[in-house]
């Protein structure tokens, strides 16, 4: 496989990063392990979100629903099945939900889709709550917790998977179709792309990883109920992070998520009452002045020092 | 009585596309009213009419972008009424758009690759694909800018790109919507050349145009629409002499 | 039988009035100013909390608070639109880009407003009691404050409707709702009108919150979001850009909610959502449009 020179740099950076990550539990304190696990969770959520919402421009606010589905699946199954299986099941449940929802609602215009996904979290939460109250009788569930190190390595594994899948999609004909959908659905359809199916499938793939992440992170908590599993913050944060970082190149959501989770960690310890406020203000500033996020700024800088031609051909 | 038209068994004057009594309304407005349309294989058919006559709506109906309220559309003998755009595209009808819809951030060559990969019922791959894609780029004259981005092209080249993307889907019928709009006289001449070359490849063409010179010079037949109704049909000579048509245009 | 019917009818309408108001507000923001305001519910919450503060700290009754809150929140909305969304509109590459950007910006607004409320009022839930005595209407019992709420929302809604129909500003708003560019060509100062609409939207939200607080529910800084959802659903139900439709739709949804929660409490949001899904799939233009 021919890898162009500039990609060598990214590959080396990635391998170095992974090597460091693998060594963390051996050399770092348990606090650091937990911190990095958290960061990885947000990175996975943001990358997953960007797989679909990046190229298509459809802003999904359903991430919390898919993450929560994974959490809940884990709550139901973790006592009877091994961890890898639970993670896959959690991911698959989210995949199925997303494919269903996507096939139905992705024919709508962007704003309607966003509005619908906004409510999806509440819908699933309310339905599960009602179900637990009226059908199964138990609202809260206990989870068999797992070791922090196991959770850490699971998240690393999921991170690598999302990265790989994102990369492969971008380079495949599927990614080409996605790109075309993002620019003009009409033109894409008339070029032979089955727009609704491609959108739904991508949406489902992105949801899979969110569910897998949820199933993994649930092991952190000992007690789960619909309210704790389906928290709208998990819908808002990935969007915030992706907008801040950008969604074009792969590094962008990773950078955005890392910066923001570190910021959150810092702020929740120092100014626990103000962090949402600060995030909100950052969001407003970014939208107003840098709508393409950090990445937009970086690409602009690259263009100005590079050899890009400004002349139309 | 016409025979079914399968690949390779078509003779001259086979009808590649037939539309019967197509109707389309938007709320209270009738855009297309009981239009019959026959397109002969291999011909270049012109579709003209004043603004708002329903030409683009008709294209939208034929390409599946809109669903007709009533009427039937048959392509190569098969009923395609109600099929989705991507299904119609794969069966062999391609189109360009009145307001150019290229992908500004996508490279020129990727546009053609997209059409090639998705626009046919069976998709080739690898070297074969690259060869054909390159050939299409040469054919429309975009080979020099193959790695450029769609959004960086001048209008004339963007139109070429739309045509290239459409051709990549290996169509038997190409619908061109106002290809000449916005072009300089030189560019128009080049565009007419391209249309001729496409016709020579055996692809049937239906073109909507406002530029009379282009229509009169290249079309084998012309259909005239006004207020959604077909008011005339015939050779360029016949149409030029048609009293109703002249009235409609002079009254503009 | 009639008693049961009346009971359901009135019970449903009580919340319906509030739904109608917040929906009209949301509709103005999205239908005209093209801002999908995810933070709408936060202003509802703010209205409720302001009323609570005025009542518990200064003894000002909610109906009197209206005189203060309405212009205050209108001004807040107007200013926010002017200083933030107007320049955003200019710098966005296209109307579609502006819609996306403004929606994301409303996110930021949500965070800011909710956090401010948390800082000012803290997490414990609050409530107050006003006009909480029972009223008997043909055999059914209702709380007086709820009936006042219903009357107030009808009056407010009608007043706004009259404003839209008979004043010059109202007509400008309707023109802008139809076609902003054409309206601009006809001399409508579009930036001002859009800011006005946003201001009215926030005002309606706050008034909705004010009325909500009167119904003795528990107030919390995180209560806003479900009302944003309800506003969205009502607007889709009534038809985007259709003010009358949003108003009627609010009452319809209120009725549905009342019926559902009488038989299966906790499922009213689910019922709303199912209606929403149905609408989006079958008739996204709304039930009440032509």
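Letters are used for the chains, namely A, B and C, taken in the order the chains are written, and counting of residues starts over at 1 for each.
By our rule, a residue touches a chain if its C-beta (ideal position, glycine included) is under 8 Å from a C-beta of that chain, and two chains touch if they have at least 3 such contacts.
Bear in mind the structure is a predicted one, so any value in this text is a computation, not a measurement.
Using the contact threshold fixed earlier, the set of chains in contact with both chain B and chain C is A. Counted by C-beta pairs in contact, the busier of A-B and A-C is A-C. The greatest centre-to-centre distance from chain A, using averaged C-alpha positions, is reached by B.
Closest to the middle of the protein, by Cα centroid, lies chain A. Centre-to-centre spacing of chain B and chain C amounts to 48 Å, using the average Cα coordinate of each chain. Centroids built from CA atoms put chain B at 42 Å from chain A. Inter-chain spacing, taken between the CA centroids of chain A and chain C, is 32 Å.
By the touch rule above, chain A contacts chain B in their complex via residues 173, 176-177, 179-180, 183-184, 186-195, 312-313. If you check the complex, the residues on chain B that touch chain A are 63-65, 84-86, 89-90, 94-95, 97, 101-106, 110, 113-115, 117-120, 144-145, 148, 152-154, 157, 165-166, 168-169. For chain C in complex with chain A, the residues that touch the partner chain are 30, 36, 38, 84, 87-88, 91-92, 96-97, 99-101, 103-105, 107-116, 118-119, 225-226, 228-229, 232-233, 236, 264, 266-267, 269-270, 273, 276-277, 280-281, 284. Looking at the complex, you find that chain A touches chain C at residues 57, 59, 104-105, 108, 110-112, 114-116, 118-119, 122-123, 126-127, 129-130, 133, 232, 236, 239-240, 243, 273-277, 279-284, 287-288, 291.
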